[in-house]
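Since the structure comes first, as structure tokens, the remarks are kept for the end.
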Amino acid sequence: MTTVTDFTPMLQQVLEEVRPLTLQGKVADYIPELGHVDRNKLGIALYLPDGGVFCAGDAHERFSIQSISKVFTLIMAYRRLGDALWQRVGREPSGTPFNSLIQLETDLGIPRNPFINAGALVVSDILCSQYVNAHLSILEFIRQISGVDDINFNTRVARSEAQHGYRNAAMANFIKSFGNLKAPVDDVLQTYFRQCSIEMSCAELVRAAQLLVHYGTTPDVSETLLTPSEVRRVTSIMLTCGTYDAAGDFAFRIGLPAKSGVGGGILAVVPGRMALCVWSPALDYHGNSLAGGRALELFSARSGFSVF
Amino acid sequence: MTTVTDFTPMLQQVLEEVRPLTLQGKVADYIPELGHVDRNKLGIALYLPDGGVFCAGDAHERFSIQSISKVFTLIMAYRRLGDALWQRVGREPSGTPFNSLIQLETDLGIPRNPFINAGALVVSDILCSQYVNAHLSILEFIRQISGVDDINFNTRVARSEAQHGYRNAAMANFIKSFGNLKAPVDDVLQTYFRQCSIEMSCAELVRAAQLLVHYGTTPDVSETLLTPSEVRRVTSIMLTCGTYDAAGDFAFRIGLPAKSGVGGGILAVVPGRMALCVWSPALDYHGNSLAGGRALELFSARSGFSVF
Amino acid sequence: MTTVTDFTPMLQQVLEEVRPLTLQGKVADYIPELGHVDRNKLGIALYLPDGGVFCAGDAHERFSIQSISKVFTLIMAYRRLGDALWQRVGREPSGTPFNSLIQLETDLGIPRNPFINAGALVVSDILCSQYVNAHLSILEFIRQISGVDDINFNTRVARSEAQHGYRNAAMANFIKSFGNLKAPVDDVLQTYFRQCSIEMSCAELVRAAQLLVHYGTTPDVSETLLTPSEVRRVTSIMLTCGTYDAAGDFAFRIGLPAKSGVGGGILAVVPGRMALCVWSPALDYHGNSLAGGRALELFSARSGFSVF
Amino acid sequence: MTTVTDFTPMLQQVLEEVRPLTLQGKVADYIPELGHVDRNKLGIALYLPDGGVFCAGDAHERFSIQSISKVFTLIMAYRRLGDALWQRVGREPSGTPFNSLIQLETDLGIPRNPFINAGALVVSDILCSQYVNAHLSILEFIRQISGVDDINFNTRVARSEAQHGYRNAAMANFIKSFGNLKAPVDDVLQTYFRQCSIEMSCAELVRAAQLLVHYGTTPDVSETLLTPSEVRRVTSIMLTCGTYDAAGDFAFRIGLPAKSGVGGGILAVVPGRMALCVWSPALDYHGNSLAGGRALELFSARSGFSVF
């Protein structure tokens, strides 16, 4: 594969084919700030190892990254703790809806993986222990790896999540009752709500993912952030756990390690080969972008970038 | 049955027989204040419909009534809402440990019964909506029906419960996420922790239970607090749900409607016939007083007061 | 209480009041033989300790006793094993629908109580070990305690249950996998399907229940079949577990130990006081006779026979 | 990648490093025939797209392929039904131990994926509907794709599985109760037990897997057995579901689509790149070969064949 190929026409073609799906599904509305997003938005961006970025549609408009932030906090915690991280959180698919408390009770407070909410709360807790202002450190890290200085929180979204976040509060208190949160529950929740409220565009997200494409280093960041082996492991968790309880179906249909968010974004990465981000706000039953999932499927089938 | 009988010797005999069990089991120690209680304490009190009270052992020493308070808050909420109460909380045995979140998820936030923690939180929430200072109204109600003016909270116990109550906080937030709490989560939790911290003696508890013995009225309180039918229903819930997930075993061995607390008290009531309270701090696997349960069993077998 | 009272008018009155309910609910139709039963059938019979039997409606017409048979097989197994029985089956309410396999997995093959299907299969297995032809011994026992010689199986019903009994076969194999069935799976299933197919009338069922009314003896059977304590224990399990996952509601509304069957019968017993059987084929959501449950509720409220 | 490389030394080296692990773990002994296998056995075989096969250790000794057979029956059923197959069985990781009945109840008889026992029973049922003698057709298919004519069942193993297969019988009856088995339960079970009893060597298994390596065709079989897209989908299910509830950990550590069996074999495949089979009888907690898993991990790290 060489980048003399211009992928823009293919990306545009994919967007046109999936555009009808933007009328189906449901924009997340459990907080008003997310519900107001225009369901017609549709964007896609592709990053290739030689540094080329191809964009189509609303690829430069920022949206709420929500759970996609869990990839970045996982990287931060993994860098700090190394494999000791896995004593605090598992790496198995959960097999139940993403906000379930049942498995947490069976597993005595150890979340199944870092991409379900419970696991992301534990990861946020780790960052609360490692940084004075964890949420600022998360923001700074994302700015650094994407090379974009004005990425920021949406404080209204974060505040709204906090006001309606009873289930996350239940989860955090429950994990705390098993001793698997160290920081105060409120600190963890605030950090978590803030990281989810960060706004980025598809183009910025694929730039942030370049450290995974380049096996842990980036042209912009001189130091090695993760080892190649660690990068493979992060992407393996994206494949098996990155799209809620539809991960098996995503692997089956699409074959790309990916992480989705209820803001309608999906970030897919194949180390050494590419990063791809798609955005369309309307979600399917499982909470993944409906048009976004289909766009990934078409792109994967046509590009041959599938890991299988 | 007539009260010319002096039950004191029988109660003393029962205490002597169960005293060796006070050395077994485990005093609740999830908060330090409960863990400091002397495991040798052992008391029993019997109230009969003609007003007679018989006592033995440490029947006049106060202890933390904990979950026994759920009987009194249930009565208060039932009086206020009538059968509309059952839209907020069920009346089925839970079949799982008393603090489980699993059934709550399956049942969409409607706790199985008012005696598991989840159900008691909903009852406390109802009282928070009905009274300006719910915890003070609860205290006042208990003083009134027992005729004892200096019954009080133990604020250190309440504060300690609040500091360690992550699982109850998880439960309250979880119920709130289903819309089945109306008041702020913290208000409900504070009310709940305070009602559990109330301290009473066996003798005081059987006096408080006289309103159930007398089918809803008491000599001291002129008004009718519950109808006879409502009293039967409260006691039926005590029988099927009053002793955590050992309710079937309690019905089988003892045959008395009863409510236990982790402070080591158990209050048993048969409308029209008697109220009995026993206290011994060491608990069995299910969280019920070990010696207390055995004392009830011996008393039931010898007195013929079983409902079966 | 004296039997100079003629309860017939009260029973007739109760039937008239609940008759409209026979039009609601659903006749069990998972096997054709049960589905053909006329939903207008409605009968009731009352047995009092002095031997008096009062009947109304279709009290002398036989129907499929189905799960009511579990009371009789429990008595037989309890007589043979005594309290060793409780190592094979629990006595706690199950808290989940009557045919669930979930709890069985959690509890390693020990069913929660003898009245859910899983528990009844274990009881049938015990009888298979104790008797050469367990199903014939069950029939003989029921004939003996009821004093009716021509009670019999309905072989078409038994055969039909066997043909459609995949869930019971699943349960039996599952229990066997935990080692808690001793006899061959097919023997246990055949015994169970046959005992469920026995046909009796309300009048015959209250006669069969007289041994519980008389604390373990009957006028017709010279020997003592159960001790008074064992009788109390059987009835306590009827109260806490006898009506599937509506046992709490039954205790609350009716206050009588009872066992229901999907044939539409419900048998209620208060030792020393009475046995009552009602039959109406249409069932409520939980599998209990809809009109039958209401008839018990009215009778209990008017007669004062509630255990509470 | 070119096959002038001789992989034999690397495979030998891997075996030497993992050999100490053959002393740990537990040989499956739920049937005597499996328990008698020598735990010191250790073999590995590698197939490359140019047809090269490299072997080390006991690569030519046959063992019970057990659940590895599920890959071949899945391929057969997929060929016959196409994507209609997914109405009968899902493709999501199960998140619970491989023989659990719990999810089956929640999911109304649709197994989570074709590699848990429940799902494999549904696949076997499909083959029972498609072939007169399904077990013979399975054997014939495996002989055909591997090019080995004397592969066969071990009838003692199959018979022994049938005698101890209460949990599989429970599962089959349970699925049947939901209507998701069409053939008689016994036929499905016999087919399943026989397919699991097939004996093959590592060298034969990688030859059988060549149709996945070659995207659905093989040098030996002129027709196209699966489309490239179907091959990718089968391997994606191997990655997310192929190693019981350790699939996430396998993806994380090893990064190869794989299917394990309790006989101690693990077959890994990357379409277009290689098939690898390892055999060591002693199993880890999850039921996967302990030394085998480690061998895959070492091979993957050194060869760079990981899909991530």
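The chains carry the letters A, B, C and D, assigned in the order they are written, with residues numbered from 1 in each.
Simple rule for what comes next: contacts are C-beta pairs under 8 Å (C-beta built on N, C-alpha and C of every residue); 3 or more make two chains touch, one makes a residue touch a chain.
Predicted model only: the values in this text are computed from it and were never measured.
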item	value
Co-neighbours of chain D and chain A - touch as defined	none
Farthest-lying chain, centroid of Cα atoms versus that of chain B	D
Rounded Å distance between chain A and chain B, as computed from the means of their C-alpha atoms	48
Mean-CA-position distance for chain D and chain B (Å)	56
Chain B-chain C separation of Cα centroids, rounded to whole Å	32
Per-residue multi-chain contacts in chain C, two or more chains	none
Which pairs of chains touch, using the document's own definition	A-B, A-D, B-C, C-D
Residues on chain D engaged by chain C in the complex (per definition of touch)	100-102, 105, 166-167, 169-174, 176-177, 185
Interface residues, chain A side, partner chain D - complex	90-96, 103, 112-113, 229, 231-233, 235-237, 239-241, 245-249, 251-253, 255, 257, 270-271, 301, 306-308
